[in-house]
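The first chain written gets the first letter, and so on, giving A, B, C and D; residue counts start at 1 in each chain.
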Amino acid sequence: MKSPDFSYVRATSLDEALAMLADSEDAVILAGGQSLVAALNLRLQAPELVIDINHIPGLDRIELAEGKLRIGPLVRHAQLMASAEAARALPLIAQALPHVAHPAIRNRGTTCGSLAYGDPAAEMPACAVALDATLVLASRDGTREVPARDFYDGLYETRRAPHEMLIEARFPAAPEGARAMFAELAVRRGDFASLGLAGQLHLDAGAIAAFDLVAFASEPAPHLLTGVAELALGQRPDARLAADLAQAVAEAVDPLESPLATPAMRRRQYRALAERCLRDAMELADA
Amino acid sequence: MEMQDSRIIAAPRETVFEGILKPEMLRACIPGAEDVTGSAEDGFEAVVVQKVGPVKARFKGAVTIEDVLPGTSLRLVGEGKGGAAGFARGAATVTLADHPEGTELTYAVDAKVGGKIAQLGSRIIDGFARKMADQFFERFKTELEGARPVAPSLED
Amino acid sequence: MTELANSGIGAPLPREGARRLAEGRGRYVDDITLPGLLHIAFVRAPFAHGRLLGIETDDALEVPGVVAVIDGRRLAEICAPFDTNPPGVPGHASAPQPPLVVDESCFQGEAVAAVVAESRAAAEDGAELVFLDWDELPAVCSIEDAQAEDAAPVHTRFSDNLSLRHRFGAEDVSEAFHGAAHVVEADFSFGRQTGVTLEPRGIVAHWDPRTEELEVWQSHQVPWQMREVYARQLGLSPQSVRVTAPDVGGAFGLKLHAYADELAAVAVSRLLGRPVKYIVDRLESFTADAHAREARASCRMAVDAEGHILGIDAVVDAGFGAYAMHPRGSFGEAMQAAQMIGAPYRVGAFRAEVRGWRQNKAPSGAYRGVGQPIACAITEEMIDLASRAADIDPAEMRRINYRRTLDEGTRATQAGLVVEELSLDACLDKLLEAMDYTALRSEQAALRAKGIYRGIGLASFVELTGVGAGLYGPLGLTVAANEACRLTLQPDGSLTCATSVTDQGQGTLSAIAQLIAGEFGIAPEGVRMVAGDTGRTPYGGGAWASRGMALGGEAAKRACARLRDGLLELAAGILQCEPEALRFEQGEIIGPKGASGLDLAELAALCHYRPYDSPTGQVPPMTVEESFVPAALPYIASNGVHAVHLEVDPELGTVDLLGYWVVDDCGTVVNPLLVDEQLRGGIVQGIGAALYEECLYSEDGQFTNGTLADYVVPMAGEMPDIFVEHVSTPTRATGLGARGVGEAGTVGGLGAVRTALGDALVPTGARVSQQPFTPGRVLAAIMAAEDAE
Amino acid sequence: MPDDLIRFTLNGRRIAVPSTRGHLGDLLRHELGETGTHIGCEHGVCGACNVVMDGRVTRSCLTLAVQVDGAEIETIEHAGNDRCGAALQDAFVARNAFQCGYCTPGMIMTARELLSENAAPGRAEIRDAISGNLCRCTGYQAIVEAISDAAEALRETADD
């Protein structure tokens, strides 16, 4: 299990990295490398060129300005986890990050890398969709912004073109009093989830003023449950609402058939998971 | 895995059927085909490179056409040997039916992957096969309907 | 106990060599390198069953660094295929297994060609460019498919797939079931597992044409067995083969076997006259290591109104895979799975039929517990089902039926087991007290009323440990089952113990050193252990079936006695007293008048340098060798009881372990520090079997979860703290009194989780028969029960 | 790496070694003979290969050898040189917190980072911190206890 041969270049600037990405037929960006190097070892990938961006200055910034939290492409999961500013601005991300793999992986793995990779079972893409983040893609020809809600097409399929690099993820900071909803079902701590929910709700004068919930891992891409949000908006949180919304989640998801569980089982699990994380977010007492 | 889908192609049934048998069509439609040689009668040889998520595999493969019922149905059987990576094989049963807007092409695909690739998880493999089949028939539809004529002959 | 503690036995001493490992100074096979070393990568069969038509190697040979590409035909010229059909197992049939596929391959992952290169990476580059031409043959994968009337053969040399058929107990037990107060019945399915040693298998082989000697370093449990195997397969004299097992990163039975790919590596070295290294990578380990446990079973149990077991009638169908693992075969698990059913209990009538089926999957072999976890799980769930039918508390139900000892006048149970000196009652008493069984039961009832499903599960087990020649000899296996100790008194007064026992981290060597030190009253540091090297140790077994202390410890104890007797006799001559009046204390000889001034160093110097100072002119031998194999018993039974407390989430299907207790009787505990965590490690593997681990094959025989991310092994986050307590009943079979303990955790762990889960699900009416009990399976059972309402 | 050498600091020593395509684990083991770092899966799951790179625990199998040019790498061979590493090694020996020893180097490197961030971790925190390190031999309990013991020993000697 040794990687195939490849050329390796250490980029010194973003422009240089993007130029090499554009010039090579078959280049990959190495940021955290926690998925890429595994794929190389497994010989699942055999790129001609590996472009290491780890030594480009300034890519590891977390910045809060004008109500947006900007995460640079070299911000590691561990760095984001340790940022008090990020935890305040993005309570959902703070709640989800401990579920991302294990300490050693979080020390190297980058949040943008996870967003760009688009593993259906990963937590960060689901959070980005739930929080309506904006993903900034750059190529030699310029930059463009894609809402995370449009970015994920399917199993590892994203709107990123091969010559583009995700250079920033921009999250709207949570409004005062926003409450995160996060729950996932994984066999072991840190494993890829078999199903999960990520979202945020916000109360205004005792009624739900904002509600975004995403189902992930059981479908090819994060699934924003807009129908559930419609039912939630304007309602006052109570046990009955939590149960109704949980039922709506179970009906709205579209789990893939898998050898481990039928869609019917997945819906049942979703209902239970949703009710629990809704009750938590609504700060209701245990059932 | 098995799956089924259909496409409505704005072309008469005979045209669609003949299209499938043309080697240049295979060349144009097999996703990731780098090199296709051969004929409908003797079968085709192809080198195919496919990528799904973390998996990028290169197969040396053969495509044969079987069970030909002219104008109605046939089976496309593709088999790729991927060296140490394993193998991939797919059979698509293609059925044509008249449709008000042209021809309805229905395909049922039975795909099998083996060796190291299979070991890395069915999640990826299902995506692999689905993507291959969908792209193939989507391109086929585009090629047949499109203004761009099928390239008459590509160098081997 | 005071005397024992003073003599070293029973002290929780840190392990010999532990600091070395804690500082990263272990020496494992992959750490060994030789000048001119070549590396192998194998091209493996992509199909479950196929006929090899041709191999294209031209492109591979062009790769820089690739030295050779060697196929099965080439190796067949110098290396015989494994023939694994022990004459003592009637009706057993398995196909010969060549080191590399010659024409027919029978499981996905079977090695087909060896690419030999200057580096592993170059070998893998080459392997990617070897193209195989195949005809795919029909594959038979599940046990049901293998059994089918019209099943295709797994190997074309056979017309069907039945590899073994055997019956334990009576031909007909129907009498016992007539008129029984209760008859319970259940089906069981056990998932296929693999050992997942953290250090994968690996080998360095060097055939030196100059000396005509073959030297092998291998991550293995039984170097002596492997010396015989390599000599036999390659037509060499065993004396020209030396096999060394350096530090081994976990073995668990997986490294007890001879593997075709490792034999191929040795044969490649023989062919090229160069040293070669082959380290199994993690992907290969899943498809090419021995698998285990796959079985389906059905069992009926009859009990009377008071709960006494009147009869057991069971059928076990085991999945053997494509070949029998060499040299011990694949039948052991199936046989023990059937024979050990009901072992802890008095059973009126007994019948267990076992069948083994060939499949186009990796061969199955020994894995910690070998069949006993299956037997225990079946037995314990049947006991629970019967206790519910008879409305008797499950703990009481067990107590009613425990076997205390064999019935008077019998030599063995109806299943042919010799189990003696059991202490199950004492273990259960201690266990129930430790877990506060009564309180847990009341809590369970209270929580059930609130819709919280907790379960309490018990599993009693009897484990066959220290298996000796009495088992292997009659089967016709050329496997040495004795354990030997060669003890040398060095001129400086230190001791060297060369033992045939091997240690993969159990701490056996350390415990033997402790035992020897105790015999002379010296510190364990004064005993140097040598093991795992056929060039330096006496002939014997190695490590399997929880034998290290039970047999190797006894051999050491006997060697100590002989060496000591000689030394005391010499000292008695010098001190002019009777040898019986002398003893060793802190290495010094203590006589009737106290310290004699003679110590080990002085005696050693006398014997080695000044033998003329001996009053008789004679000195005792400075090296003695003792070999031990239990004469009276084929094995030494140990026993114990496990308990699990868990909670099932009926909406998610998840199982949360809340508590785990075990009371084990392994006789004399030489070092509790080693024994307790050994038990826990075994239990965690049992929990893995119960909740997580399964080799998932597609219908056409493709291994689909062959990564460490997909084949789920237990990690720290999900494992509970495990309470360990002991009852100590030294076995009379040896002077030391130790029984084996290496598998006790695994044997009972699976059953205890199973019974606890069954108990938790009682209010739902669901039962999960298929293990592992994944959330999907638990939920499916609950949903099916709901639908049935 | 203009001259195709990887230059880095390994356990306090300056190293220059010819560039290689493999991962850091293989570089350490096979090019530099530091065999204490163990390879268990090469796809980032087992944690046996954990080393410290620029102050953070890192999977050496998920780090390319060429990536460490200019970096500081610390492995188990050097872990005993600080109080925390030494305390862990003592505790692992005293508790017999391993059997075969194959997971131990990665386990200790991981635990050392935990103790550097949390002087008094609870059992659950310890279990969480090592949840990415596979031990196939023990029941994890002795490991949890050893880490807990080491933390206590470090607290007791903190003022020395």
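Basically, a residue touches a chain if its C-beta (ideal position, glycine included) is under 8 Å from a C-beta of that chain, and two chains touch if they have at least 3 such contacts.
Protein names from UniProt, one per chain: A = Probable carbon monoxide dehydrogenase medium chain; B = Carbon monoxide dehydrogenase G protein, putative; C = Probable carbon monoxide dehydrogenase large chain; D = Oxidoreductase with iron-sulfur subunit.
For clarity, every value in this text was computed on a predicted model and none was experimentally measured.
Peer 1: By raw count of C-beta pairs in contact, what's the busiest chain pair here?
Peer 2: If you count contacting C-beta pairs, the leading pair is C-D.
Peer 1: Find the geometric centre of each of chain A and chain C from their Cα atoms only, then give the gap between the two centres in Å, rounded to an integer.
Peer 2: Whole-Å distance between the two chain centres: 43.
Peer 1: Could you tell me the distance, in whole angstrom, between the mean C-alpha positions of chain C and chain D?
Peer 2: 30
Peer 1: Rounded to the nearest whole Å, what is the centre-to-centre distance of chain B and chain D, using the mean of the C-alpha atoms as each centre?
Peer 2: 49
Peer 1: Just give me the whole-number Å value for how far the CA centre of chain A lies from that of chain B.
Peer 2: 34
Peer 1: Can you list the chain A residues in contact with two or more other chains?
Peer 2: 1-5, 38, 42-43, 188-190, 259
Peer 1: Going by the contact rule already set, what residues in chain B reach two or more other chains?
Peer 2: Where chain B meets two or more other chains at a single residue, that happens at 84-85, 116, 120, 122.
Peer 1: For chain C, which residues are shared contacts with two or more other chains?
Peer 2: Each of 121, 124, 128, 281-283, 704, 707, 709, 715, 717 in chain C touches at least two other chains.
Peer 1: Who touches whom among the chains?
Peer 2: Chain-chain contacts present: A-B, A-C, A-D, B-C, C-D.
Peer 1: Flag every residue of chain B that touches chain C in the complex, lowest number first.
Peer 2: Listed in rising order, the residues are 60, 81, 83-87, 112-116, 118-122.
Peer 1: Which residues of chain A touch chain B once you look at their complex with the stated criterion?
Peer 2: Checking each residue of chain A against chain B gives 35, 38-39, 42-46, 117-120, 154-156, 220, 256, 258-259.
Peer 1: For the complex, which residues does chain C have touching chain D?
Peer 2: 14-15, 18-28, 30-31, 33, 121, 196-200, 247-252, 281-282, 504-507, 673-674, 677-681, 683-685, 707-709, 713, 715-717, 719, 721-722, 745
Peer 1: Mind pulling up the chain B residues that touch chain A in the complex?
Peer 2: Result: residues 52-57, 84-85, 116, 120, 122-124, 126-127 of chain B touch chain A.
Peer 1: Which positions of chain D touch chain C when the two form their complex?
Peer 2: Interface residues on chain D, with respect to chain C: 21-22, 29-30, 35-43, 45-46, 48, 75-77, 79-80, 89, 92-105, 108, 123, 126-128, 130-144.
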